[in-house]
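In this document, chain identifiers A, B, C and D correspond to the written order of the chains, with residue numbering beginning at 1 in each.
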């Protein structure tokens, strides 16, 4: 990392490794973060790196990256690069992130952090002392951040139940060709890493540590070596219990990532397909007016929303990347710890690893996150 | 009316004139009211009266009416009858009700009270001093009665807007034969009397007097001499304004009777198709937790709900007739005024008449209800 | 059972054992079944039986039972009784049902069938050859029966996921005194038998046999010896997987009994709090018009709905008892097998037993229903 | 207009007049249109113009405008400017647009086009032959454009009813200071021009010409000289009827812009607060599976959605500006007519003028749009 540059609070040169859907979402975040947030630093879209030069040219033109490269090993060593952002397939997360960390870069990595907890542990170790971020972008949905605030303020009290599911239906399309996401060698797992990692991250963010789990995995599509669905029962350190679920055969659901939390003072419910809304029930009110309220989380008194438009003027999927990046860059300037960092990403890996083990053995498995700060 | 009988609080002999859908709903109410409510009187299903003797036999057997009759003129004169309940087609409301009132009976009448405001005025006059009821049963939906309570308690404050529509789709079925409801001679009007009367009654109940109106009527089906749709703009005495609408061409709506009220302190919303729910928004709360709550109006602290089942155990359409009848019978015993009575029914007629006149002339028309108590 | 009486298809004398909330719901069913359905037999409300004579007097007067009794042992032996309906606390299900079966009666029993699978097996054995019924009334919600029809017609195809939860919040009220439902000696279990039994019955009804399960149980309220929440993962014989859940600490939920099924051709979703609606998504349609439809299940072409009111005129909780009873009485006359009978009730017990064992051991447990027909 | 530049399809220099909320939304559109759409031209953010130089500096820095100016008269005459975009208060629409048109520029104008139909007519006249656009951005909500496509394909058949309301609650906040939007001299009207103009534009877009109207206007806030609410009844040229409504006292509604259309073959429903969804009911299906489907309009087979993210990944308010601008710029290159242009904006003005006249007189008023192409 070029410390002078950062200290001056001026310009951070970014290298983005990845040219797919995530490459596009991250590019937009680098372009937009400074429009809606005061970052305290300039983000310079220096180089975009991937395997397909023609496609890189197009992305560079469209999103105004200054250079392209097909050699990530060279890129992460470049002295003029401050930030390395890993948006390549899962199998490349550890190699790239570890190399970038070795070169002293600020490292951002798409979720899941790693293909396994072992890999994750090495990444955490490599990045020790460096600013890191894992792109669990849904923490920055205003409604999700607001849910966290309500919980911290005690608005739902002691939690009893946490119930979450991330459902897509892509698996049910037999004409859809396999991708790296459906191969164990490239992805490490199926929905476990792809979708359930989001579910677990939000569970940890909103409800704290998971202590043990039982799980069940299923591959519906013949010839696949990864899980199409993973279902888990969990116990949390705070005494609550929950079901966590993810599937690519959730027919009828395009991108339904929901959670629902029942506490002694209320209930909270969220669905990513309606991400501008949060349902909240306050059970401390008189019984006859209790009901789940549909709160449009777009007001000046909601997280992030004031940075975008006016009350009632909704935001979309991409804004979660913008807000996550803005928070991260601000944390570089303020020194306030940013989450989720690599350690948070590794906490997710440890839960996923326990779920895999539980599913394989048909037995309850404890989660051990003792090694993390 | 057999006053001794009533004074003793024992048994009220009922004559029901009507053998159609309403005859069935009323029969059920007479059967069930005493199961769920303490009435202070016994309702004896004495005689059911209509034109079709065979069908009457069946109804009498099924709903345990003691006798049948095809001569309403004789029935309403019978000294052993205390209550005459008019559930015949609209054209018979005035003749039967006036005859029954002339014989001193307690008179109940299906909505709309009359075919016209002139007819309604004669009915009010005839029934003066007698207990009367108009079957605007939706006032007794627990959620509607609860809405009224919230309004009376000032929970939505000064009202700005009242918006209501009653939409069905029967008109859009070209195979459906005409009935008395689609003939002006039998019904007096189309949706104006059939559906908009319910809308106007609830508007008066929840938001007070209507002072003036503009309206538009439309017959979509060729060959019909009644309105398939009536739309109106209204001003209320309390300063609020509104749109009231009814249609038989509201395709997609089976029985959608909705209202929505915006006041300075909140909003209330209701849909008859989900009659166990009331949406309520309290705008006096902090802005970031404001949202329309979906309240399940089935609790012990909600009107009527405690008489039926337990919280969360919903009721249906028929229960509104049961609760309306129970309230009415209790009012006979307690002497507390019951609403809606014939005067309330006539208030609705006067608004409907103004709407018809407004629609015919394309001009704003004032509603004059000066003659009523 | 008085066979002459039944053969004549005339009158069936009923003895109802139970005077609580279920006694009331069953009383209503006996009163109403013949109004809405052609039963082929008369149901005579002969005797209501319970422990509290004063309360029995009141119930008998209100629901027109001819006699009361506080001695169920005597009642079930009476030669003039054809049907014994067990609506007493769980601990009495087996003793009463076995005695009634021993006396050759038609036996109806509230859910859960028994306190344990062992008890259930004895009940099934005792009632062999006799008509029986378990009051899993939610099978007769029109929307649920319609869901089954859609599934049988292949409208959602091969099933991937079945997700269900029955959530109430009574446990969260610290002022609420314990009842027989919160004591293991009286109830056998907590939500497992009380609420999860409903969930399991509907799962078996809609998605077929469950082959194995993992589970987790939790008692939130100190001093209770029953489960406040039970969560389970299950595998079905048809290859689908699911989560089944029940809780009395589902704060925000009055009576939310939901299921959601994803199949290769569509999705189905239901919530008991809105029991007149079924959500259905047909994924064989063009992608751009796919969406979960909210179907109001009140039409002439829906199960049961035509027996009640008109399209869009909703029914309530009590109607599920009415329809279940009507189906059962009709089955006595037609000889067509009725479900759920005691064997179906025992199938539920076997799944519940496996869940309890799984929760206790933290291991996956197979369900063995080999003994049943 | 610099025709060489345009013909070359290379770079269009933009002058944006406006520095408020709309200035920000337009700036974002100029920045983003080329990222998500192939425009066939480059948009160069040349100069941003307004009254407050300090604020302009900030906006220019944040949104990368090359220059600032406080003199719109000079800007619109600059030979290097191709596009003049008017996002100033209503009172300036006509002066700026007419001056820009006089200088031969491509002219874009925020809605409403004008303060009055007279002003609008002059603007149409001035811009004759020039490419123009009015920022009725909601036509480019994917769900709205998809609704139009469904209608054009006959999916709802002959239309019976069109019902729309745009409700906000800003008027109910007594602490909120007046702005130019609440002064007749600056805005021309209250919600009529501000919100009802959107409603009318979508009505014309989706359901065709309006032939006559009755209306009612209300000012709830003392001391205001503009309408806080306008309600109207309308007849459409296609034989359908409707209610159109707008209010700043729609308490409980942040930005609720809804429409609902009933046709002989189906129903369509939309709410801007959930702009990624369209409800669609197909009444040509078997009755028992009919229901309003909630379609997530984010698929590759939906308008615009494929330009943004993946199915189920929602977009926000700002994207409607991006898509509108992209369509407009593409139309410059392809020569395909763009709508809504100034003539479309004037069609809205003529309806609004008729409504104002109707409200003032309490009489039905015909809309005459004969002068437009």
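Following the convention adopted for this analysis, a residue touches a chain if its C-beta (ideal position, glycine included) is under 8 Å from a C-beta of that chain, and two chains touch if they have at least 3 such contacts.
Worth saying up front: this structure is predicted, and the values here are computed from it rather than measured.
**Student:** Which chains contact both chain A and chain C?
**Tutor:** Both-contact set = B, D.
**Student:** Between the options B-C, A-C or C-D, which interface matches A-D on more than half of its contact pairs by residue number?
**Tutor:** Match found for A-D within B-C, A-C or C-D: B-C.
**Student:** Tell me which of B-C and B-D has more C-beta pairs in contact.
**Tutor:** Top pair by contacting C-beta pairs is B-D.
**Student:** Taking the mean of the C-alpha atoms as each chain's centre, how many Å separate chain A from chain B?
**Tutor:** Distance between chain centres, rounded to whole Å: 55 Å.
**Student:** Take the average of all CA coordinates in chain B, do the same for chain C, and state the distance between these two points in whole angstrom.
**Tutor:** Roughly 36 Å separates the two chain centres.
**Student:** So what's the Cα centroid distance for chain B and chain D, whole Å?
**Tutor:** Their C-alpha centroids are separated by 42 Å.
**Student:** Which positions in chain A are in touch with at least two other chains?
**Tutor:** Within chain A, the residues that touch at least two other chains are 253, 277, 281, 290, 292, 296, 299.
**Student:** Can the chain contact pattern be summarised as a line, a ring, a star, a complete graph, or none of these (other)?
**Tutor:** Topology of the interface graph: complete, with all chain pairs in contact.
**Student:** Along chain C, where are the residues that touch chain D in the complex?
**Tutor:** Residues in contact with chain D: 146, 150, 277, 279-282, 286-297, 299, 301-302.
**Student:** If you look only at chain D, which of its residues touch chain A in the complex?
**Tutor:** On the chain D side, the touching residues are 21, 25, 28, 31, 34-35, 62-63, 168, 253-256, 272-277, 296, 298-299, 308-319.
**Student:** Would you tell me which residues of chain D are touching chain B in their complex?
**Tutor:** By the definition above, chain D touches chain B via 156, 160-161, 163, 165, 167, 169, 172, 214-216, 218, 220, 229, 231-233, 235, 239, 241-243, 245, 247, 249-253, 262-267, 281, 283, 290, 292, 362-364.
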